[in-house]
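Below, chain A partners chain B and then partners chain C, in two separate complexes.
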Partner chain A sequence: MKRALYLLLLIFVLVGCKSSRIVDQVQIIHAMGYDWKNGTYTGTAIYPTFKQGPMTKPDILTTESSTTYDLIPRLSSKSALPIEEGQMRLVLFGKAFAKKGITEIVHSLARNNKVGSHLQLAVAKGDAEELLRITAKTTLSDTLYLSNLVEQNIREMNLPNTNLHIFLYNYFGKGRDPFLPYFEKKGNFVKLEGLALFKDGHYVGRIDLRQSFLVKMLLDETKNGVYQLPISKEKQKGRVLLENLYATSKYSLKKGKKPVIDIRIHIRASIRDYPIWLDLPNKESFALIRHQMEKQLNKDISKLIRQFQTKEIDPLGIGDFVRSYTRHWNEKSFYKQYKKLTIRPHVKVDIVQTGIGE
Partner chain B sequence: MSIFSFFFKRKPNNPKTLAQLLQKLKQSSDFATLEFDINGHDFSIAYFDSLVDPKLLQQQVLCHLQRDVSNYTTFSVRDLQQIIPVQRIEITSDVQTIETKLLKGFALIRFKNDERSWALINLANENLGLRQNNDSENEFSVVGPKVGFVENIGTNLHLLRRQINTPNLVFRELTIGTMSKTKVVIAYIDGIIDEQTLETVIQRVNEIEFDIVFDTSIIDQLLSDNSSSPFPSFVSTERVDRVVYALVGGQVAILADGSPYVITGPSTLFDFFTSPEDYYLPWVLGSFFRLIRMFGVMFSILASPVYVAVLTYHYEMIPKDLLGPIIFSRSNVPFPPTLEVLFLEITIELLREAGARLPTKVAQTLGIVGGIVIGQASVEAALTSNILLIIVSLAALASFTTPIFKMSNTIRFIRFPIILFASFWGGVGIAFAICLLLIHLGRLKSFGNPYLVPLYPLRVKDFADSFIRSSYPFTAKRPSYLRPQTFWRYDPNKAKKKKDIDE
Partner chain C sequence: MTLNRERFFISPFFVFFTVHGAQIGIGVLSFQRRLNEKVGHDGWISIIVAGIVAHILIWMMYQTFQLSGTSEDVIQLNIQYFGKWLGNVLNIGFVCYFLLLALIVLRLYIEVVQVWMFPLMGTWQFSLILLLLTYYTVLGGFRSVVGLCLWGVVIPLLTIFPMLFFPLEYAHYRNFFPILDHSMLDILKGAKEVTVEYLGFELLLMYYAFIKDGQQSHRWAQLANGFTMFIYLVVIFISTVFYNEEQVKHVIWPTLTLGKIPEIPFIERMEYIIISIYVLVVFPIICLAIWSATRGLKQMVSLKQRLSLPVVLITIFVASLFFNTREEIDQLGKFVSTIGFYLVIGYIPFLYLLALFTKRLKGKASMNERSMI
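Presenting the complex of A and B:
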């Protein structure tokens, strides 16, 4: 009985020690942008205010500092409510910032227990602040616009699966390099323009959205994505739109003095759009365009891998793959010969459907 | 033993002789004594006017005495049985017995020529003042019998005996209550019941020390293994089928005169969430509704604490599409989530309490006034958020799905400590509170039987009728935790056999 009384007393005394963050009494940031301009860092936070209704116009806070650490604390000095990053869905890096290195932010995010691993990271051509301001404009009017855009493109289109978790895996994992979605400002809109490639936490280049489909296919089995291919038949030239239904990739390693990596890619696809002169239900033209598609895809993939090899980056995780087959794998010695490594793609296309009707 | 000690120690001054007894009883105006002198046979009848059925007295006793006694030259107490058509006329010379029996509605007949033995005739009016209507009103089921127990124990025993047609059904009668002398019956099926359990029950019932037994729920509390637990130790029901099912499964039923509720035990936690309807519906549906009920209980206990914890401490885990509606609906509420929840929960408790106390017709109006007007108004006045209003009313609704009223009260009660835990320590607090709850449940016992069985201790084979209600070929075995003397209720192989038309 006495013990119970003490417990009760403790409960009432310790109530003062609680650190509550009541949901409507904090400033929830939905997206954060980092820029490097004229020798200072700029932080831009985009946050919603729900005073008039569940959906309202996004607001923007910006601040400058000489380090990245105190950007969020500095934002607090401009806000009526404490800033909380627990609902953050997107971190956008300006290109200049990304070139300078995102290591500090990534380490900070990796240790932050408030942010979830579904957080999206992305790179903006130009300033992150400018892009966030565009999304905050009335036409779009959504604090989650960019993160939704990324998620939609991962789910339905050409963007390979990315989020903080995958980024950190690629970043810290041996034998692989991270990549992020790449945005560009197009007039009054923000457009996804492919993938930004990183090496040791620095931006080193990008590939376009068409190539990012190839990356998506090479990384994992996927069930979506579209790819345009040129075809020709008896002097007639045109393009077909291939819609991926289910693609798998399988890597195999031939060891030896000159190791060879074979990538077998199997695409079950549907031809969504094709020129009228192409008589598709016809068996011959079927085989023809299949052949042409396979050839073209092989060429494109080879070119993409060539590009990675000249930049000495490994977003596909080939080093990691070789590591899994090699005892005493050494990162340094592998990447010394990475440039000269033979990587051969073998694409097989199965056309599952071409739409209904004759 | 404080200032009341004299009250317990005072020796009852029982009347020693019949004359003293009669003297004492005559203080009441409803105690009647009729004197007769028919043909030299000098006798008198004494009884309580308020307990005796006047029709019986006139037709069975007075009529025959007045007409037939004169035919006899010598007439003694022992000859009464020959002329009075009432069963079991008792001849006694014990004053104590006479006192108890008179108070139960017996009539005392004594002859002047025999001052040592007297006759007691049962003329008690069993049904006077008791309701005749025995619909089970509080535990309703759409399918199945609607017969319920009533206040009259004779009727209740009849209902049981009619359904369990075996000589093994045993009724053991005891008397409890120093003042009410209530007839309490322990019912069990011999050959199924575990001897040890039965001994425990009889011993505990015998040890009860109380003045007036108003209802079996008092016996329930006095018998309970842990009287300070909010959880009821025994199922108490007014449905006949529930009690019969319990008896057949190897449990004991305790009935008391004047109470339409029957206690069955030893009970487990699952017993409180099974409804007779589970057994009347096909097993797929029965299981589904049982699972819904259990989900309802979990929801009812956890919904508002989780709301408090998430909104106060863990805004990170709110889904992004829900964030806007939650913040918007809370933006004008001046209270922290804890007070907001307590305000609404207490409002609902008040509504329920008021609805239960008021007459039925007023209660309906009150439900509408409370539910719609107060709910709507408090949202419009920005005292609570409308999301919370939905959560709290759903939780209240879910708590009413529990078939046993006592358990549904418990569920409504244990929500409040969990809300406090959630408001002090957030999600950790809820986990902590649930742990405490589980520890408490794990320690609880009902007539010495574990309360959480078959979950703890784990009895895998007894899961056939726990979360899901398996089909009848699989429920042929009685639950092993009751340690029944015979395990099989019926032959499962015969129950499984399909009798086709060409057989």
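Presenting the complex of A and C:
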């Protein structure tokens, strides 16, 4: 009995050896920006400072260095409290930085056990620092503004699902290339402007938010997103707004000398807005706009894919798809003929509803 | 005498927990990586192959005990079949193997805790706590070790196992295809790599004497191995659809990184919870291995377990301080798993065949004797 007590005592003493980080005695970074300007790297961290009660005020730390590695340690030299990166929700790359290559940061994030897999990465047109400063100014207490913006758009709108895990999956994986949300400064606001496309860790171009809906649809089955389409009837022209309810895509491969990839896309959608002259409940005009929409979507998707092919990037993971149907698939030889590959979209639109009024 | 011994025995049913608990250890956190190197996305086939091999080896172990007649653990078996000298040399080897097993499991777990949770924590602190607990448990006798095995299986099964399914949100089922993209040889190489993950059942060679109606427990041991195979298949299935082949190469503990995905409002990072609960997976193995080692000493030189236990624990504690870098730990791990591999693949079948032939010869001899009369 006595011995057990000694043991117990020892265990309690040893518990004191733990290391602790108390929440208001560390500086929790919520977003981090990386820039490449005039030959040096700039790191910007945005973190909440706790004033009175639950109100927080976003604050900014920024530092410069000739490498990306010591940006966070250098930030520490400007901060009274130890810097903690475990709650980081967003890493924003300036465009110049992204063009130069984000490989180092990505590998460092992949190794870092402190950051979660749900971390968002994004690219900013211009400087990441500028954008972070805007969000710190325009929002009263929200240091998570940009990451929430990304998440909201993934959940409800046109942005395909992205986070650190998905990025790493696309980055490391053979037969696929990564993409990230793309931000732009519009006046005093930050606006999501589509997807930034990468090849081997370098930024190579972007697509707009409308096209990113197509990417979203082609990547996965999805239950959200809106898409505006032109329609015409006789001599009247107008636009309809298609709201996706449930879209699926199915790839199939025809092997042969000239392999053909068919993508069958089935969209169940509701028409949210349409011109007055179109009397929608009418069966005829229903069929008409359905046909026009399908045609237009086919055209847009073909254009998008051709855009990818000329840039020789593969955000849709076509290579990975072909790999799953090919024994001993070879990445190099596939991408040699990638440019000339025939990829045919076949869109089928089902209009489920048109709202509660006529 | 028999009545007195009875209270140290466990019922055959508990063999399920001791075998399964000892099999699933620290390896399940990282085996995807090694498997991926050899067979890529066809790893699940290797797991089935290795699992069947383990089934056969368990069968052989039970057969050996039955054939030997009187021997009830490996110490007695060695002396029965190899004579006193050679047998005891082998026995020393076994005791060393059990000690190494406890050491590597302890050190690997501490490494995980250090890398993921407390980088500043010294090895000795955790090692000390865990070994003190081991002392307490092993002193309680074999039955308390078995009790620990029971909870070491049940609690992680209820807590960690369900968390593994969250990453299916990011599943790419395409990753399985084309099935059998690798040659038979690659698959066998992969199977060799994962056989190590099935290790742990060989401890049965030590505690067989403590099972009430030893042969009755055979089906429980087989069931435990089947269940281990099932768990490995689930883990490899989820890892295959969650990671692609290139990505796994960059992750040291793929199973723990899977734990980064589930997110609940008040705990954002489940991998820390998983690591904490994981002590319940690791701890029974350490206890079982240390118990086996001290039991071996007792059988060999009739050293009381109460006396040998502190010596053994201090040895392990000191030894654990010598392995500090990733590389050293990795080398130790490779060393122990190589010994373990050849132990089960070489020694068990050899012993079985030896037992079989001795029995045959004896049978013939007695037949001859009878015909002489």
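The criterion applied here is as follows: the second predicted complex is superposed on the first by the 336 of 358 C-alpha atoms of A that agree within 3 Å, B and C clash if a C-alpha of one lies under 4 Å from a C-alpha of the other, contacts with A are read in each partner's own complex, and residues count from 1 in each chain.
As a convention for this text, contacts are C-beta pairs under 8 Å (C-beta built on N, C-alpha and C of every residue); 3 or more make two chains touch, one makes a residue touch a chain.
Since we're looking at a predicted model, the values are computed, not measured.
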Let me test your reading of the model: by the given contact rule, A:L9 touches which partner, first (chain B), second (chain C), both or neither?
neither
Could you say whether A:L81 touches chain B, chain C, both of them, or neither, answering first, second, both or neither?
neither
After lining up the shared chain so the two structures overlap, which partner does A:S117 touch, if you call chain B first and chain C second: first, second, both or neither?
second
Per the contact definition in the header, classify A:V352: touching chain B only (first), chain C only (second), both, or neither.
neither
Does chain B (first) or chain C (second) touch A:I28, or do both, or does neither?
first
Thinking of the overlay built on chain A, is A:V260 touched by chain B (first), by chain C (second), by both, or by neither?
neither
Between chain B (first) and chain C (second), which does A:L168 come into contact with in this model arrangement: first, second, both, or neither?
second
Kindly classify A:D320 by the partners it touches after superposition: chain B alone (first), chain C alone (second), both, or neither?
second
Contacts for A:P48 in the overlay, against chain B (first) and chain C (second): which applies, first, second, both or neither?
first
Which chain A residues are contacted by chain C in one complex and by chain B in the other?
11, 14, 18, 86, 116
Report the residues of chain A in contact with chain C in the complex, numbered from low to high.
4, 7, 10-11, 14, 17-19, 86, 107, 110, 113, 116-118, 165-166, 168-169, 172-174, 320-321, 324-328
List of chain B residues in touch with chain A within their complex
310-313, 315-316, 318, 320, 323-328, 330-331, 333, 336-337, 420, 424-426
In the complex, go through chain C and note every residue touching chain A.
115-116, 118, 120-122, 125, 128-129, 132, 136, 170, 172, 174-178, 181, 243-247, 249-251, 257, 260-261, 263, 268-269
Chain B contact footprint on chain A (complex, rising order)
11, 14-15, 18, 20-24, 26, 28, 48, 50-51, 53-55, 84, 86-87, 89, 114, 116, 144
